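Each of the next two complexes has chain A plus one other chain: chain B in the first, chain C in the second.
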Partner chain A sequence: MAGLEIVQSLINGVVYGTLLTLPAMGLTIIYAVLRFPSFAVAAHATVGAFAGYVANAVFGMPLLLAFAAGFLVSGLVGVLSDEAALKPLRGRGPLTVAIASIALTIVLENVLRFAFGNELRGYDVPLQRDWMISGIRIGPQQVVNLVVSVVLMLAIFAFFKFTRAGKAMRAVADNPMLASIRGVDPNMVRRFANFFGMALAGLGGMLIALDTSVNPLVGFRIMLPIFAAAIVGGMGSVPGAVVGGLTIGIAEQMSLLVIPPIYRTAVSFGVIMIVLTIRPAGFFGERGN
Partner chain B sequence: MVNYLIAMLVTVGIYAVLALGLNVTWGMAGIANLGLAGFMAVGAYTTALVTKTFGFSIAAGMCLAVFASAALGILVSVGTLRLRGDYLAIVTLGFAEIVRLIASNETWLTNGTDGIAGISGPWRGQLSPVQFNWVYLGVTAALLAVSLLVCQLLARAPYGRVLRAIRDDETLVSVAGKSTFRFKLQAMAIGAGIMGLGGAMYAHYISYISPDVFRSLISLYIFLALTVGGTGNNYGALFGSLVLIALLEGSRFVFATVPAINAVQLAAAREMLIGLGLLLVLRFAPEGLIPERPKIFTRAATDITPRN
Partner chain C sequence: MLVSSSSRLISRRHLLGASVLGGLSVAILPRMAFAEGNGPIPIGTLTPLTGAGANYGGRMRDAVAGVVAAVNEQGGIIGRQIKLISEDDQTNPEAGVRAARKLIDVDRVAAIMGVWASAVTTAVAPLCWESGTALFCTSGADSITRLPHKGFIFRTEPGSELQAEQVTVFMLGEGARRLAYMGPQTPFTEPSIQRMTKVATAAGAEVASIIYESEKASYRSEVDKILASKPEFIFFGGYAPDTVVLVKDLYKAGYEGRVVGPSYVIDAEFLKTVPNEATEGAYVYYTATSNETGAVDRIKSILKIDQPDAYTCQTYDHANLALLAMAAAKEASGTAIRDNLRKISQGDGEKVGFASDGARLLEEGKKINYEGASGPCDFNEIGDVTSTVTSFNVVKGGELLPYK
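Let's look at the complex of A and B:
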């Protein structure tokens, strides 16, 4: 029985970790290009969850279109809010911008709270019975979420590897000065990074909300795990975010075997402290220090 | 009405102490400590527990609160201070959440989400509520004065100059042979200790604390207070707290007059206002109402630099 429980936790961990990976990738992309840790990924995860909710439960769109709505709306809000609130502060150091990104998070979160209230909402999806495969429980929605995240992850990798815009983003992340000499417009690239980063956060938030519920705190609740995932993988590294997301997901779910569930957030904090003490640059962070 | 005004002044005083603590870490040393709510909570819970359970005096409870917060400040930052500042921001924010988790769940120690009620206040039993308010205003003023004195001495001493130099150019300071790590660790401990004092002052005034009081939003309030007042300037911390409370209380009355607004929306609108306020001040008045240095010195300094 104990063996089964461990396998079950491992599977839950992989599923949850894959969901975490999307916002963690978003955070790390923004960090690589804009050089500050944007706490606003939390708010945009919530924005994505609500955008998907409005598309799906209010306008009756199928889930696939709702995913697209969550992605696009949070990406657009990301670009607009950055232009309005954070961009003018960029000259004043990453810490000032990071603090401003918390203020921005509070503003966005409360706009949603004002409009939708605090109650827990759910998507309009049919209730499906979990599959039992030789004693292991798997939810159909979990499988859908897993597939969506993995497809998106692969798309992001392909984007960075093969497209001009992706290469431009990597160039600006590496050396903005050199990139601009070669004719890459850093401002456009920053906008791109913001759009993709926040869109990924939004989709991640929506997937997490599908698993739990839609409410104004969706993003804030996963903020520590997102940061932990990005730090474990190495801030600024996209493959690192995948490894980090899975690590945090599995660590958190496995820990539930031994600690009360309420302390699962503490696992992320513990992992952050350990990684920063032992290997501050994370698994893949070549520019961690 | 008078009672309400005194209560507000006490609140201003408590926020001013918290903002002074933030000014040591963020304003002087440039360390982004986002765990203010956590250090405040540690201070409040420490004094509440030792005065209630072990019968310590309020003064002893407050001293222990300062030490407990300062010790945790060191513990949290010792591993991360050597790294870049943004890591500390994340770690301290996480710390505040963990403190809240522990306060909510370790019921044997903290009574969980029900919180701790009946925390003693100075002569609370012998006085009428109005008299108690006056007494506590005096206590607050005294503690604020002590904190301000400590912070002013720090700021004026060579020690404060080193902190400001670390804030402005850390590499330069370490090239000059100073251990920036040690200075930053001390600044973190002093700042956290002062925040712990603020939390303890809150606990003995309100007489009731619960994990819900110490949400991370409080940290943003205090950042707003310090930024409005003038980051780096101790008097700015004082003045900014006054502005913050005026804004918080004023918005409560103004928004409540809007018809068809429910309690959740009212709270959301006020939180929005705080976030928006901080963004606007950061953008349009980054030096705050009382800038760290008067304009004239700044200009003189820039005039002299090229000649060196």
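Let's look at the complex of A and C:
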């Protein structure tokens, strides 16, 4: 029985962790190229959740198309909001831009609040009971979430490894001046990183809203664990974001076997402290990718 | 180096003089807006427009704004118009204290209304009783009215311990012997569990409980833990955003037992958010509501909605109670509200459900008894409303139907 409980908690942790990995990857991609921690990933997760909601519940699109809408809309909003609010401040240092990204989060959250109100909303998707396999329960929706996350993770690895745009992004992340000399346009790469990072955050927001509800606080629910995942994995490292997300997810869920649930957030911070004490740059350091 | 030549034109003497004048104006100007002057009577709302309570706070503020607009249209109270100042507590005690400070020190409001979260109410309460400002809240924690508040706090939400007791009696009456409670960490959670356990164990039943951390994206492990106790009835003690996740996670986990929650959580909006299969058979408890005086109809017309939630009804009552107490006192201040509120809210006077109607009767020298949208609005000596849980509905096909 205890063994089953441990396995169940482990699975719950993997499922929760995969929810964190997409926005954490978005955060870490933006950090790698633009060199500041963008708190606006939380707001873009919310934008993605609302875009998916409009596609699915208002226009009646199937979930797959709604995922695409969430991805594209949050990516576009990411590029536009960066151009308008953050780019002009980039010369003033990463701290200034990071603080401006908090302001941007508040602005975007309130734009959604004015447009949609504070009400809770749900996707037009039937709820399914979990499958019971040898005493362990696994949810069909969680499997979909897992598959979407894993496919995207693999696509991102392939993108960075094999495509010209991916190599250009890595080049700008490593040395913007050298990349510029080699003919890579850093501005375009930064725009692309923003689009990609915020689109991933938006898709992650939509996956979370499927399990919770669509409301202006979707991103706020996961902001701390996203940062915890990115920091534990190593800021700037895409594989690190995946490992960090899974670490935080599994640690939070498995900790409930021994401590009360009210300490879940404290567990995230505990993991950060332990990992950074042993490896100050996180699991995969800053240049892990 | 950074001082331009033009700035030298401002001499130290001029600067000193300007500072003194500025300081005096800061000290004097707010007095012009003070509740006890002859201008509009300032009253404030401190509802959660952002944060966890945001899905309630907007309607709560709008209900008060609707009352103020209607009263002003009919000539105001004691010959003065009402000025409403609304602030957002962000569902956060620290932000709540800052906003309350502004309402009290700058706007000089006679009353702060619509304070929702127990933690926020607990934080702003000392500011109110020390400044003589009436505080109307919808918070459930019993500890609030046990504070040394000098009579300035009025709570229209029945105490959470009493609610827990009555819901436990309901679950036992439905034949359940293994009960469970799932609620977030709030000032009222632990006392509610203790009261529930006391009532249940006296009847030979068992209680399991989980206090969870709010605003999480998943409660799968919390659900697994509570289901290990094989509950027949689960009582939801949290708010709508987290309860949506819990209801979904319980359904996914295969839970076949019954659940019960308050009407401010499981309402029409909640039922639209969660697929019907997960809410089928859920019970919803209500505190006393009344349309005897037409108060509920007036809220519906103000907000243009069919089914106002309990908090909106209570905040509508806050505005009417505060205005009527000031009308009875012929004075606009928090102390006047404190000293006169029970004179207009209970007793054998003529029943009224709207401030302007009551103020007219008071001017004619008649006694009134305000009966609001949230119930009779009678208060005991520590400021608690005396009404209790009175009815239960059940969810069938996504609709709320009367049960008991």
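Going forward, the second predicted complex is superposed on the first by the 282 of 289 C-alpha atoms of A that agree within 3 Å, B and C clash if a C-alpha of one lies under 4 Å from a C-alpha of the other, contacts with A are read in each partner's own complex, and residues count from 1 in each chain.
The definition used in the following text is that contacts are C-beta pairs under 8 Å (C-beta built on N, C-alpha and C of every residue); 3 or more make two chains touch, one makes a residue touch a chain.
Bear in mind that the values here come from a model prediction, so they are computed numbers and not experimental data.
On the superposed chain A, the positions of chain B and chain C overlap enough to count as a clash. Judged by the touch definition given at the top, the superposed model places A:Asn118 against both chain B and chain C. When both complexes are overlaid on chain A, the residue A:Val107 reaches chain B alone and has no touch with chain C.
Once chain A of one complex is fitted onto chain A of the other, the partner contacts of A:Arg92 are limited to chain B, with no touch recorded for chain C.
In the superposition on chain A, A:Asn12 makes contact with chain C only, not with chain B. Judged by the touch definition given at the top, the superposed model places A:Leu256 against chain C, while chain B stays out of reach. Applying the stated contact rule after C-alpha superposition, one finds that A:Met132 touches chain C and leaves chain B untouched. By the touch criterion defined above, A:Thr265 reaches both chain B and chain C.
Chain C runs into chain B after superposition on chain A, and of the options 1-9, 19-27 or 253-261 the stretch responsible is 1-9. Overlap of the chain B and chain C interfaces on chain A comprises residues 109-110, 113, 117-118, 260, 262-263, 265.
By the touch criterion stated above, chain A contacts chain C in their complex at residues 5, 8-9, 12, 15-16, 19, 109-110, 113, 117-122, 125-130, 132, 137, 139, 141, 208, 211-213, 215-217, 220-222, 225, 253, 256, 260-265. Interface residues of chain A, counted against chain B in their complex, comprise 36-37, 39, 85, 88-89, 92, 94-96, 98-100, 102-107, 109-111, 113-114, 117-118, 223-224, 227, 231, 260, 262-263, 265-266, 268-269, 272-273, 276-277, 280, 289. In the complex of the two chains, the chain B residues touching chain A come out as 30, 32, 34, 79-80, 83-87, 89-91, 93-95, 97-98, 101, 104-105, 217, 220, 223, 262, 264-265, 267-269, 271-272, 274-276, 278-279, 282-283, 286.
Interface residues of chain C facing chain A in the complex, by the touch rule stated above, are 49-52, 54-55, 57-58, 185, 210-213, 215-218, 220-222, 224-225, 240-241, 244-245, 248-249, 251-254, 269-270, 272-275, 277-278.
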